[in-house]
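Next, two complexes with subunit A in common: one pairs it with subunit B, the other with subunit C.
Moving on to the complex of A and B:
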């Protein structure tokens, strides 16, 4: 069963790719075209169970949970993709520079990297987000600080291998500048590993942002975001479990799709 | 080997200094004036003169690096300062909260090991069969589960639906079950996959056929050879897990209202209790680093080939 499942998806990389693109596009579009207003407070119809009118029910302020899940998808998905892109770019650039030049720059930057690696990620993120105060931007900073390190390590070790290849020496002899060699000749050769790591980390970033929001350090309360919705729903677990379970289910589903895509990408690029 | 361990310890010093510097800088990242926070927390009206007095008393009028060195020297003497909120010693608060968190983390780790080693090796032995397929699917889903979703789901199922475990935790062993399981479920999914991969790799090596042809029992092959050889990998991921375990306790303790390091961290941030936040970050990081050091050293014990730690 699992193998069939695996084999089916092994052939269908493009299917997963389409699913990922579809999720991103949908989160963009549906965020603006929700069946109900995700923020409008109502006096009647509080905590209605899921039904035809409200597929995921309503919350403690009478807001449609489906609309809020859709509105939250834009925040959750887009911000985690932006976060991964930023930390991957920053980490890669630093790693390539360290690996290529070596020497003092390498020692200093890698010691800084060691220091950030020494902190357990979530602890530092909670401390930074908490001290900076809530808000999506501060939460993104907090997770960025702890997530760029792995890309820097990876890019550095890969660059050190590539640096000794004949084509790099040839490029040097033909008078290419260091920047040119680093980003035109070396980077294309190491980028696939980094892309795979980044793809696998989208769901990790999503968990991080939602986790901070769940603790109250991320997105501010009236704004819809999956982590904060689950946190609000926790209070009504007894009477209205759909408030927490609907965003949780959607979030897990989206993360599974992203993980499947990441694994597929790894199989293809590693081969 | 001892020289290498010593070198490794020396190499820790710059990292330690960096960690202490970042922990100290956390206060400078924060908006607001620590003197004002402290006065307000003590219930004193922060008038201009009171503020000025407090700033001198706290050493905030001195240059940045002087403040850092003063702070560092008192930390080295074991004095992490006093909490703004209740004037207790930061060290005492941390030591008081530590046992609960450690017990929770340790039980989560034990549950994880007990679930994932047998399942990982079992699926490796029965590769491609239905059991492997089902467990593979479950662990793949488990990786996509953030611990706060697992926690909420367990709370919903066992406390609200089945009413097996009281919602408000009793503090005893019963209150420990759900938090420990929450942490264990998210970790074991990763472990099962990695143990399975390592065991599959190990089982395909020629020496296994050699052992089998010599009539060594399957049990001995598994436990005396395969398990021993995947131990290095297992120790590596265990060491890494300690970090996520310490971070995970923040979320899990807040869901299940358990006392511990995580709850202290959240309340300290809520109250802008800077010395306590600093102390907690510093301590958790030190514990994490120590665990990683022990992990690295233990490699040589399980695999004498690795001498270059």
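Moving on to the complex of A and C:
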């Protein structure tokens, strides 16, 4: 199926793919190679505007904003990717099981799913984060709880379609086990849709984590995370806009890359 | 007028209505003073309920028998004089010419009814509860007999919970209490808005402003924008950051008032048993730099728990000053050394990590970032936990913690010291106990001599500091932006005197 799409298409895809990989690798490395210690106070004046010494300026404690944005990238990007991987795996597994077996398992699991779907995601995440208390790990749990549902729904409906295909019946007749059929025969046929959804959801997860951090459920003082940096910078929006705009700008950029990549991936896999 | 007519014909309302509306608007602009704050209006106005009295007094609806002057000493307000007859008996004369806003004369009996009600309803008014009140036959003498000798009675009568209201008038004290102040409530919406009209019968002369409006504003940025655009005349209690945005507005006066609200640093004596560590923390904190430089001067470095210009100011105290090398030395002598070169000291292979708890109040989060950095320089790893409210203190799950507290709400030092340092004090979260301090607190509650009281307060503070049980990061400074058109709006350190009969808008 990959034979007939044109070279231009492929070039765009590989460019975006490279950009995504680059961002992930950079976020890994950059945390350790910042121009200043991201936690060191008074690296310059307080609220110093962007300049040669501090490209993104300094914050209200004199910390270098660029260093903090870089240090925060690891938290923000890696945790959102991990989050998406986890919720995609978990949701897909549940969805395939429901779709394949149907019956009571399906009814019970899908009603649980419905309960989670009934609440607006972010509100539920805030409530859960509030219950569990602050901290990045708890924020991740809160968003995980609200984000696995869509994968489960998607995987279930796809599995129900695939289940009726001739090759599944053939596999059954030839004595394959249920597990084998589900994860060897059905999963590869539905995985492309799920991968596209996952890729598009990285930026959603990033927003979710940043959102919780913004509200104060995220990282602990003095660690840097984009959402909490924007939240800290908000009060200086009029006097020192770089404090909020630097992390926000970088975050928007990264999200756009991930979204474009997701869309490209969808186009290719649909082709 | 042509425009008004045109407008009215467009909207279909009669021209007369529109014209009168325009006139009203014009009147509003000149005579109504609009005060905004993030907590300008609460759920009710009954002075005897919780802290609501603060608002009743702020709005100029009710007044107290005594009020605090600039040095936080009580002076007569509705009262004309008082006499301390013996340890348990106080004789208070009230002014003869005071009338409530409903026209009723304020008599000794009415004052007693109001005070009794406050004592019954408010837990902070415990001193008014079990007293024996007698009204003199002249109608202006009140004799209060306390069960135990109680020194701070006159101070307590400055507290807004003791604001005098006419308890016989109506039942809706939450929405329309009848007081003696320059203003009368005319519209009250819970947690949103309160509108006061001028009290034509005010006992102390002509009230200059026609009406006052207090409005709740969602956040500090909106508050600053509202006063910048002229929507508000006064913006009360701005955050330091939002105040910065008003610095260039020449139509606004930006006032900074030092409050008796301090940032108290608790040490949990049950979890931090090693005194050397507590002392090291105290030496490691560079309060002057944190307050003056990092926090932009919005906190005034403190010498003790009480404002310098009050009678309990800590000029005689010998407290620990910032000394990083001393902090390191203390830790070293106590067996803490940095064996793995990570900047944090260890003892028996365990790094020195302390749980530092704060909650979202004023500049606490900013302060915590600075304190954490200071402590790290001494080799102490402070793990900061930020809570929404201060309720976590009751669980005792902290090593050190910041607490924002008003130390002299009514000008006396005793209630604060009792709450924080007495063994069963409601705010003794660090479980502080020192026998001499307990005895001194007992003495303080009964000592009537002013100088002797100051000496006891000094002794208590010195002991608590020597024990390394409490420290004070500094006093909060409150920003208030007042339009230059408004005159006579008060900003005081106790924060509950705001509008008076002399407040008006040019």
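Rule of thumb we're sticking to: the second predicted complex is superposed on the first by the 258 of 271 C-alpha atoms of A that agree within 3 Å, B and C clash if a C-alpha of one lies under 4 Å from a C-alpha of the other, contacts with A are read in each partner's own complex, and residues count from 1 in each chain.
Everything that follows uses one rule, which is that a residue touches a chain if its C-beta (ideal position, glycine included) is under 8 Å from a C-beta of that chain, and two chains touch if they have at least 3 such contacts.
Here the structure is a predicted model, which means the values were calculated and not measured.
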Exercise for the section: Check the residue A:61 against both partner chains and state whether it touches subunit B (first), subunit C (second), both, or neither. Expected result: second
Exercise for the section: Could you say whether A:18 touches subunit B, subunit C, both of them, or neither, answering first, second, both or neither? Expected result: neither
Exercise for the section: For A:122, decide between first (touching subunit B), second (touching subunit C), both and neither. Expected result: first
Exercise for the section: With both structures superposed, pick whichever of subunit B and subunit C touches the larger number of subunit A residues. Expected result: B
Practice task
Identify the partner contact of A:170: answer first if only subunit B is touched, second if only subunit C is, both if each is, neither if none is.
Solution key: neither
Handout entry: Partner chain in contact with A:46 - subunit B first, subunit C second, else both or neither
Key = second
Exercise for the section: Kindly classify A:238 by the partners it touches after superposition: subunit B alone (first), subunit C alone (second), both, or neither? Expected result: both
Practice task
Name the contact category of A:230: first (subunit B only), second (subunit C only), both, or neither.
Solution key: first
Practice task
Across the two complexes, find the residues of subunit A that touch subunit B and also touch subunit C.
Solution key: 234, 237-238
Handout entry: Residues of subunit B defined as touching subunit A within the complex
Key = 14-15, 18-19, 22, 26-27, 29-31, 128, 130, 132-134, 136-137, 140-141, 143-149, 152-153, 155-156, 160, 242-244, 246-248, 250-251, 254-255, 265-266, 269-270, 272, 277, 280-281, 284-285, 288-289
Problem - subunit C partner contacts - residues on subunit A that touch it in the complex - result: 39-41, 46, 60-61, 134, 216, 220-222, 234-239
Handout entry: Sites on subunit A touched by subunit B in the complex
Key = 1-3, 5, 111-112, 114-116, 118-128, 130-133, 203, 207, 210-211, 214-215, 217, 227, 230-231, 233-234, 237-238, 241, 244-245, 248, 251-252, 255-256, 259-260
Problem - Of subunit C, residues touching subunit A in the complex - result: 220-221, 239, 241-242, 244-245, 293-294, 296, 360, 365-366, 368-370, 372-373, 383-386, 388
